[in-house]
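Please go over the structures that come below.
Two complexes are shown next, each including chain A; its partner changes from chain B in the first to chain C in the second.
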Partner chain A sequence: MEEIIQKVKNLSVGFKSQKGHEISILKNITTNIKKGETVGIVGESGSGKSTLALAMMGYVKQGLFTMDGECIFNSSDLLKMENRELEKIRGRKIAMIPQNAGQSLTPNLKIGYQIDEALKLHTKLNKSERDNKTSELLNKVRLPSPETIALRYPHELSGGQQQRVAVGMALAGNPDLLLLDEPTTGLDVTTQAHVLELLNFIAKDTGTSMVYVSHDLGAIAQVSDRIIVMYSGEIVLEGPARDILKQPVHPYTYGLLKSIPKLSLAGLPDSMPGSQPQPGMIQKGCSFYDRCNFAEDKCKKNSPNLEYVSELKTSVRCFNYKKLIEKKNDKNTKIKRNEKNIKINEILNLTDVSISYAKQKFLDQILNKITDTNPTVKDINININKGETLALVGESGSGKSTILKSIAGLLRTKEGKIKFDKDKILSNDLKKRNSSNLRAIQLIFQNPDESLNPNHTVEEILAQPLKLYFGLSGEELKKNIIELLEKVRLGKFYMTRYPRQLSGGEKQRVAVARAFAAKPDIILCDEVTSALDVSVQAAVLNLLQKLKEDFGTTYIFVSHDLAVVRAISDRVAVLYQGRLCEIGPSKNVYQFPSHPYTEVLLGAVLEPDPDIKPKLVAEDVVEERPPEKGCCFQGRCPRILGDKCKNETPPWQIGDNGNAIRCHISVEELKKNQI
Partner chain B sequence: MEINKISEFKKKSIFFKISEVLVTMASKPSGFIGLSILVFHILLAFVSPYLAPYDFKAIDPSLMLQAPSSEYWFGTDSLGRDVFTRTIMGGRTALTITFFGSLIALLWGGLLGIFCGLVGGKIDDVVMRIVDAFLSIPWILAMLLIVSLLGTSTEVLIPALGFFYGKGIVRVARAATHDVIAKDFIISARARGHSNLSIIWNEIIPNVRDAILVEGAMRWSWMLLGFSSLSFLGFGVSPPTPDWGLMISNARGLMSFAYWAVIAPIVGLSSLIIGINLTADAFAKALGIDRSTKAPV
Partner chain C sequence: MFFLIIKRILLGLITLIIVSLITFAGTEVLPGDACTTYLEREAYGAALEACYERLGLNIPAHERYLSWAYNVVQGDFGYSLSGQMPINEVLGPRVKNSMVLASAAIIIGIPIALILGIVTALWRDKLPDITISTVTIFAMTIPEFISATLLILVVAIWLEWLPGIVIVPTDVTITELLPNIILPVIAIAMIMTAHMARMVRSSVIQVMASDYVQMAILKGVPYWKMVFKHVLPNALLPAINVVALTIAWLLGGVVVTEVVFNYPGLGRLVIESISNRDLPTVQALAIILASIYVSINLIADLLTLMLNPRLKTLQIRK
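Coming up: the complex of A and B.
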């Protein structure tokens, strides 16, 4: 029997509602963390996974209180300890790595000083020993030249480097248990893969136990030995990582895994209906009853217990898990997206578009002189056909949102033309665009919390474009609003609700409805699913696809998630540092030969499968500015040829399958090396 | 049929919202006390002419500086006027003038602040520097200048006070606007091609309204104090009218032996200010603008 370092026993955490009811967020959680083991806690937002991780540190957020149970660490209950005693444990025995390292590092202290501070607090080393230890830690988290990094300020590091520093600081006290709360969520795909690989290495190297909290099954699959799936404050499934990912025996986990878009499967993933119940809503019965495909009458009346299934080494909270065991063999997800032949009928054309954030000097403005020789976005030539979905893919800073904004007219282009419907040139000044051109292009934003006015009802939100473009009022306006809501599968009783009364998925549906209210020709989708939970994401993607088929709308879809892009797009354009690297039909871009950058991106995608490991081929440090000349990817390219790449802009080549690649390396050569 | 039902529900919800805010305000002891004091003062201002036992301007030399008695509850002042009558009526002018003054301050300060926040750039720069310049002038000196040039009539005092107390609101409204201006729903409205006016009215005002109203409520109590100071200096209300500031000013020389003539108006003034302040605080909390958030750890 392995040594157990933390024991959570019958833990319930809750809050008091305004009416004085006690509402639990965590219900009766029991689990053990063994020495040297990495446990992944996975669940959608609101499932209580972060609350559980914090409770493992002996911390309960303000407003919450421990209703029952205990968290035993070193044979003492953390939740009953005084702050002074906890201080001795936090950092030294249990350390935490937060989600956003940029915010958790003090902005005006140097990295070295901050690590030194942690060492001073948690160890008894003297000054020179601490200095050595600082370099050792920075080395361990694989930061280049630790001595110079130690002298830098947090803002001088990239997001991935900041996260590495946070890992280093957490290791300063040599903790027995490391809690990680969504440590890679805000990072780019390649950086995320690198950080996960580092965490794996550290777990093996130091033998530290880790609790890895995330909503991302892909990330969890890479690091965990054991997985705990949480739903609505309960553990619904717990067991070895491989078994859970390969054969999920709880309907929720089964649905969750099905709703994740995968690189290997084209087409839209299955979606799960409904959303997670609010705390306190479920009084009796299984909390997953409403969304479950296997539900029976008894599920509504009785709550299932967490049952240990010895042949699977898994604990499951379901009456009908046996049905899922029998069902294990149907693995073929149907390709739902019918790939109709898109006629060549150009609707939008970007010619030599470049966009600069640099302000022109006053004198240059008068003389109309262009000073910025190295704009943020340069040489963008894209044409989009009617009814097509074009995806712009790239890491943060690749200029994909910038291009979207300039199409919408929110950002001025510096050079180039944007043509709409073959002959209408869209002005780069929003105020000079006429109403019908404005109507034709609509935006959907990433975060529906920000894109819907919190003080408007759904009715008022949807009325705005209808009033503005079609001058509707009275009964006709109401009729149209109800029609719109039906289109996005929301009932008319949603009209009087405020955004805060809706769930994330419902909010995004309202945002979609608002965009469709204008009867647009083109909809620009800016990371529309990245703020949503996985199961909701699949539903929104399916909805967008359905609406597109019904109305023949064209989408320009910006995303950093290659799997999502694979699911929805017809054509993909890969961007790096504001320059196009590769463009072509999506099924071809996802196949080799491809641009070295596409190769790097594809290698870093995390799949919820322990057998598919990311391939790390290039460094994850992104330059701050695009290079002045030569290939945009020269700084990180693993296949760089030499001076040619640094001095000459690479030519466009047509790959085997009709995808255009901008690289000095010939297609044949790429093909040889990449397979 | 059903569509009508929905709209009915919405109309109700506005009244419902106001009553909800009032209930939330009164549910905390401080809010309840503040609201009760404020409501008491407002009611008193309305009914005091009918409650007053004596004529507020009746001078009687034989009754000079009488101590409180069963006949004259709060005593009499140096001209033999009943202090009780003058105290219960003394808040009327101050309340009216400062209430309308605050409204004017809210209106111009709020709108200018929102406009500057939305437009930004050079216009914003110029306007804000002018506002800063005005903020650096001691308001009481400027008020004295205006009053001595234009007289102390209500038509002068209300806009003058409204102007000087609106300057601070400009900054608050501008800051609140800056908070929402970067949000996607504003960008979305811009991308749809809404005019600036429509963006201000539909998108910004509903989101900054609460912050501005709370600021206005706080300004009200300050303005009340400011107005009483003016009266105290002899530039507020003209003498026969009962007013707390004026009463304090008149009786302050006799404080050592006729304290009752000073204490009554002081209690009146300070209770009203405390009442407004407590109400404004409770109002802010009921709207979710908590100004005393504690650190999470």
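Coming up: the complex of A and C.
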């Protein structure tokens, strides 16, 4: 019998609504965490997963209260403990690694102090021993030169470094249980893969139990022994990680896994209709009833219990799980994408574009002198054909959004030309662009919460482009708005709603509708799905694809998520530090990544499959500026040749598969030595 | 960092030059001048000429400005019209008296404001917060001339504890002055303290809700240690600028309060010299008040810069 470290028993946490009703956001949760085990808790936003993790530390956020149940650690209930006793457990026995380390480190205190504080609280070491221990911890989380890092302030570190510091701080008290709340969300793919690898190492090395909370099944798959799937505040599925990922027997998990785009598979994933019910909305019946493909009448009336299925070693909350077991052999074969040939019919052309964020000095501005010899984005040559989806990928700081903004005219280019529709040159000054050119290029932003005016109704939001570009009014305007809403699969009744009354997916649909209202030729999509839940993401991707087929629109799609890009794009351009590394048909780029950076990037992608491990070939160092000369990737390249790469800008070469890459090593050579 | 300080100081000086130009131009444009005001009905003929000669008003305006500015830079504001004495001698004791009043209000007000702000934030929506917040809103909304008058009525007239108005010579010593300033200080400090306390409260509440405070709690940091190490330094940083603005505002508040209490400070001098059309003194006062404004804001900016590690390194990197 394995030792149980934490026992959560019948836990319900909720809040009081304005009308005084008690509404639960965690419903009757029971689970055990065993010693040395890593448990992944997965669910979409609002499923209660973070609330559960915090309750395991005896912490309930302001505004929430424990309705029922207990969290037992060392035979005492953390939820009933006094603060003074909790202080002795928090950080010492149970430690937390927060989601956003950048915001979770106190800004006015040095890294060294913050770790030392944890050591002072939870160990009996004296000052010099603590100093040594601090260095040791920073070393353990693989930070370069711990002594200098200790003297820095949090904002002086990169995102990955901050996350490592948070891990180091959590290890200071040598805890028995580590709670990780989305520890890699918001990090670049390569950094994420490195941090996960570090966490796996620490779990093995120290024997600490871990609870890993994430919405990202890819990350969960890499670390967990056991997985708990949460939906609407309930555990709907719990069991060994491999079984759950390979054969999900709950319809929600089944749908969730299907809705994740995969690197190995071109084409759009299936989407799940609907969205998670708001807390307090479901009074009786299964909370997944509305979205379930397997639902029957009894699901509407009765709530299923969490039932242990011994042959699967899994607990499942579904009446019909047996149907899913039968579905086992139904491999996901459905691929919706039709690989149609795109005619060479250029609609947008970027020639030698470079963009600089450096502020010109006053005198240089007057003399119109260009001083920045090393601009943020440089030498961009891209052409886009009508009806094509071109994706720009790269890590944060690769300049992908910058390029998008300059196409939209929001950012001035420093050099180069942007040509639209073969002969119309788009001015780099937004004010000098004429109305038809402005209409032709529309933008959809990452976060619909910020891109939709909260004081406008959906009707007003959609009316603006229609009035501005087509001068519509009255009945005709209304008719057009309703048509647009139908196109994005929202009903007429959404017209009077305000953005705050919509779910994340619905908001993004409105943003999509607004972009299409202008009947544009090109739509620029800036990380349009990264603020959305996986199941919603699939729906938005499908919608975008459908609209594109209907209207023949061209997309330029910026994303850091390589699997999403794989699903939607025809051609991919890989960027590093504002320079193009590789460009080619996405099928070829994904199958035979030629440029070393593309290889590094693709190797680090996490798949929701415990058998596919990420390949870590390059360090995840963050470079602040592109190098002055030579290849842009010289700092991290695993295949660096030496001085040649450092001094000479590599030439473009075109491989036989149609990929153009910028590297000193020949395509054949690169292909032979694929990692 | 060094360049930044120099830049800020230069900007401050430019502001002062502009202020002096505006006040000079203002007195120039207004109908009548120092001599017509001074001589009143005799302002014609030889007397007027003689007066112009004496005050140097027959010289072109820009030359007068330059020579005036040249003297001011050397610390000489010239002669006042009404008293016929050097403005420096008039100003000296007044500045001192006003400083005593303002510093007393600051010394008492800031600590009280900090304590009230922190207490209300930490006991948010509990009894201490509700009572203090209600009181501060009252203190904020009542203008100082009303609260000052009420104070005189209650404390000086009904209770007869303290003198209602200040009847002392201008060049009084500080010890003699002290009992007289209690009521004016209370009147000024009330509004200032209330403003700052509310500012501190919202700032502390904001920081308390931050991720890093939650992290500190989950790290096991004891409550009060968390408050002093993780919350207050971050919460009070943005308060510095507000404190500076409040102090600058205090100067305006002082003018009104000084008049109500008949206090021999700068404020009363402002009113007196305006009603006497004593233009050289008005000019001198404008420059002095402006430089106090500018330097307080400058000090606040530099303080924030020095205390905020984020801004400090940013500047160094640039």
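Assume the second predicted complex is superposed on the first by the 672 of 675 C-alpha atoms of A that agree within 3 Å, B and C clash if a C-alpha of one lies under 4 Å from a C-alpha of the other, contacts with A are read in each partner's own complex, and residues count from 1 in each chain.
One rule holds in what follows: a residue touches a chain if its C-beta (ideal position, glycine included) is under 8 Å from a C-beta of that chain, and two chains touch if they have at least 3 such contacts.
Source: prediction; values computed, not measured.
When both complexes are overlaid on chain A, the residue A:A408 reaches chain B alone and has no touch with chain C. Judged by the touch definition given at the top, the superposed model places A:V534 against neither chain B nor chain C. Of the two partner chains placed around the shared chain by superposition, neither chain B nor chain C is touched by A:V565.
Of the two partner chains placed by the overlay, neither chain B nor chain C lies in contact with A:C663. Once the two complexes are laid over each other on the shared chain, residue contacts for A:A118 go to chain C alone; chain B is not touched. Looking at the shared chain after the overlay, A:E475 reaches chain B, while chain C stays out of its contact range. In the superposition on chain A, A:E156 makes contact with chain C only, not with chain B. In the overlay built on the shared chain, the residue A:K88 is in contact with chain C alone; chain B does not reach it.
Overlap of the chain B and chain C interfaces on chain A comprises residues 62.
In the complex of the two chains, the chain A residues touching chain B come out as 61-62, 408-410, 430, 433, 435, 438-439, 441-443, 445-447, 450-457, 459-460, 464-465, 468-469, 475, 478-479, 482, 492, 495-496, 514, 518. Those residues of chain B whose C-beta lies close enough to touch chain A in the complex are 2-3, 6-7, 9-10, 13, 183-185, 187-194, 202-203, 206-207, 209, 294, 296. Touching chain A in their complex are the following residues of chain C: 209-223, 229-230, 233-234, 237, 307-310, 313. By the touch criterion stated above, chain A contacts chain C in their complex at residues 54, 57, 59, 62, 83-84, 86-92, 95-96, 98-100, 103-109, 117-118, 121-122, 153, 155-156, 166, 169, 173.
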